[in-house]
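As written, the chain order gives the labels A, B and C, with residue 1 at the start of each chain.
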């Protein structure tokens, strides 16, 4: 039983990784397309990010003078962490063979590792923009990490475990828990930090290269060719994983959590499709929201993130008070 | 109403009640603050109504429902309307508060923990679902005091005072389904009158000082 | 039936007077005196109630109102202080109108609000229910808010705003305490109809949950302490008392503070039975010493004589709290005597200061030099009342302070009493120096010194009332004979027996 389960789990985890790897540029494409349509433009099509990546991959790899191994290793680290995260977060299955590692702390640390690698690389270039972007990114990260931990922790109190798979399973068994204040507060908090972590409006604007406002773009300014392709691809995957995490923590329906290996494998295609739809809907909503919103001034960003932190903390408090 | 539904609805009302108070700390637009206060009043009324339905519609439950309706009228309609009237023709935004917004949000989180610590004897005395929510109500009281102390506009101070009052009313209903009726009526009347008095004083302040910035109120000191 | 009438009359008479102002306005010859008449009636009812309630408490109006010896005594205090204050009101308002500070509409509002204010205080001491007591105390804040802001100047508006915000917020804490006490009472199987009745609570006190009661009592002492002018939330008091019209300052300083402290005393009875004496003793002693220290520190540099009187009120409330902290029957009767003596002396001081303000046009110590030579009668009354407030014999405050300190040393609170004595020394030095500068010396017109206004005579009714109040205060120091039984019974109610 356990043997066949783990084989099934491996297959499911692999399917998850493939889906995220292949689908995340498409998600970015969908979001750009939604934005373009809402702004009255034709848009470049959903496949455009893949075309961009192909173009970048064909170019020659160049690195700026004076940069060291940190600069060259960062895209690889970023991509690797994103891929591992895609494998362990409960996207299509809660029975991944890496389930033991699918702890909320592990996922947060993995994503933070990627961010830190990129920030170090930006510092390594020794340009003004790189340093500025790294410093801003670290500010945001310092405010985001506690909130992610807090809000997932709040969700883990009713489930009795910090294992993401266990949290999703317990929500599946007690669907009315989604409407509790704990869950609502945590959802709002998590939504805010996902936006911040993914570098979207109102915290950061992925479509600008205006020096006053950019955060993520300032860090990757010196990358070109295949390195840039890796960074872009990894960023898209991170966005997908984060949106998927939010979707499955608060609306886990459709995920494959069958007891037998055969049933689990049979449910896999449906689970993948449902996941794709959920993430596409969330991404579309995010893009639509961005059309109507302006980027916050940099000094208002801590206020927003402090607010989300308070909500996460209140969610934790409420999960103890009201339980 | 089944027990599980009762607890869910109670928790939801408490969550909305608390969230409104936290958002008051976050917003600077005075009109938005008044709107949030109205939402909180509605959440309080809903809380009382849930308690009333749980008690059963005969006897005390019906009384609670009537009180809930009264609270809704007073705190979600009448008081916000009075406050809104005080905004018209005056300042519409909070000036920079004594403690900046990010810090005050973190303070609010600390206040939540403090109220949890303070109310432990209360919860220990009767660990029912309603009494377990008392820390939430006390957090609103403390946030109200915090608004009262750190905000620099007359209207935000009034809202802070009313947050304190909402929180205390919530504590009263969560612990014992309310104080005796005559006291409840007296308290509501007092609150209404206090807000009226403060509204008149706001108008006088605008006439005497040309604004409602409380930083101007520092002529009397030793 | 008669007791019910006696219980309702102290609230009803001032309300009738308020109605007369509402209907007929403020007429100098007629309705202006209705307040004083109501106060006289209130005092008469208080005496009758005191006679009736000495042997056992009387209830009325379906158990909503109750008078025991303590309530009756407090009612006597209200009457005794309100009478001179309201007798001085017509003269004060006439002078204000002559000076153009007050319009007819203002005078009418003044009449209505002072009378509802007195009615609310009477209700507070007669309420049988802590909740109703709270509502009455908060009602006094609302009534007096516009009285504090009576002159509508920048200062008055500022004082009124701070007064309403701080007092309402402070007293909200007391309401939270009441809610928690109600919760504890329900769990001690007190019937829900009597869950806030202070007599019921005191009877069931031993069954109250200690932890919840402790939180509740701390909140109640802090909350009602705000209204009683005790630290740490005392900042409103100097502003409000210095900006209000003199008769209102007299009422607020003389009785309102004590009425708020009466609520603390009622809570203390319950707390002593539920938690033992040490808890309230520590709490009250701490509050008392902080108040004394705050008053002493701020009196030293004071340049405004009305604010000086306000800080002196904080000092006296601190002393009263210290006496309550000691809590033995001797200390309790000294506290009660002090409440009456302070009420009389402080109201005289404020009323005289109102006249000085009208005469000199300034509330600054520098602006009022050589008063003995300029307005001898007022200056004499002002000086005598301050001598009383500083605790000089033969006035009642000397006797009560002596009683408190003796009781404190006997009860083993020598350290607190010693600290209080030290702080009082500072207060006496500061107040005596300021008063000396105001009363003595030659008048030197110069910058900051205002010239005398036109008509500076103290109205005859006011002069008589003030003198009578001072004589009563002095008589209290010689003998408390007519009040003896009442004081002993009331002290037995609040006196703890460790």
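In this section, contacts are C-beta pairs under 8 Å (C-beta built on N, C-alpha and C of every residue); 3 or more make two chains touch, one makes a residue touch a chain.
The structure presented is a predicted model; accordingly, all values stated were derived computationally and were not measured.
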Winner on C-beta contact pairs when A-B is weighed against B-C: B-C
Centre-most chain, if every chain is reduced to its averaged C-alpha atoms: B
Centroid comparison with chain C (C-alpha atoms), farthest chain: A
Inter-centroid spacing, chain C versus chain A (mean Cα positions, whole Å): 65
Between chain A and chain B, centroid-to-centroid distance (C-alpha), Å: 37
Distance between the centres, which are taken as Cα means, of chain C and chain B, whole angstrom: 31
Contacting residues of chain B [partner chain A, same complex]: 4, 7-8, 11-12, 14-16, 18-19, 22, 26, 100-103, 105-106, 108-109, 112-113, 116, 129, 132-133, 135-136
Contacting residues of chain B [partner chain C, same complex]: 118, 121-122, 124-126, 141, 145, 148, 154, 157, 160-161, 164-165, 168, 171-172, 175-176, 179-180, 182-183, 186-187, 189-190, 193-194, 197-198, 200-201, 204-205, 208-209, 214, 217, 219-220, 222
Complex contacts: residues of chain A adjacent to chain B: 176, 179-182, 184-185, 302-303, 305-307, 309-311, 313-314, 317-318, 320-323
Of all residues in chain C, those that touch chain B in their complex: 64, 129, 131-132, 134-135, 138-139, 141-142, 145-146, 149, 152-155, 157-162, 164-165, 168-169, 172, 175-176, 178-180, 182-184, 186-187, 192-193, 195-196, 209, 211-212, 214-215, 238-239, 242-243, 298, 301-302, 307
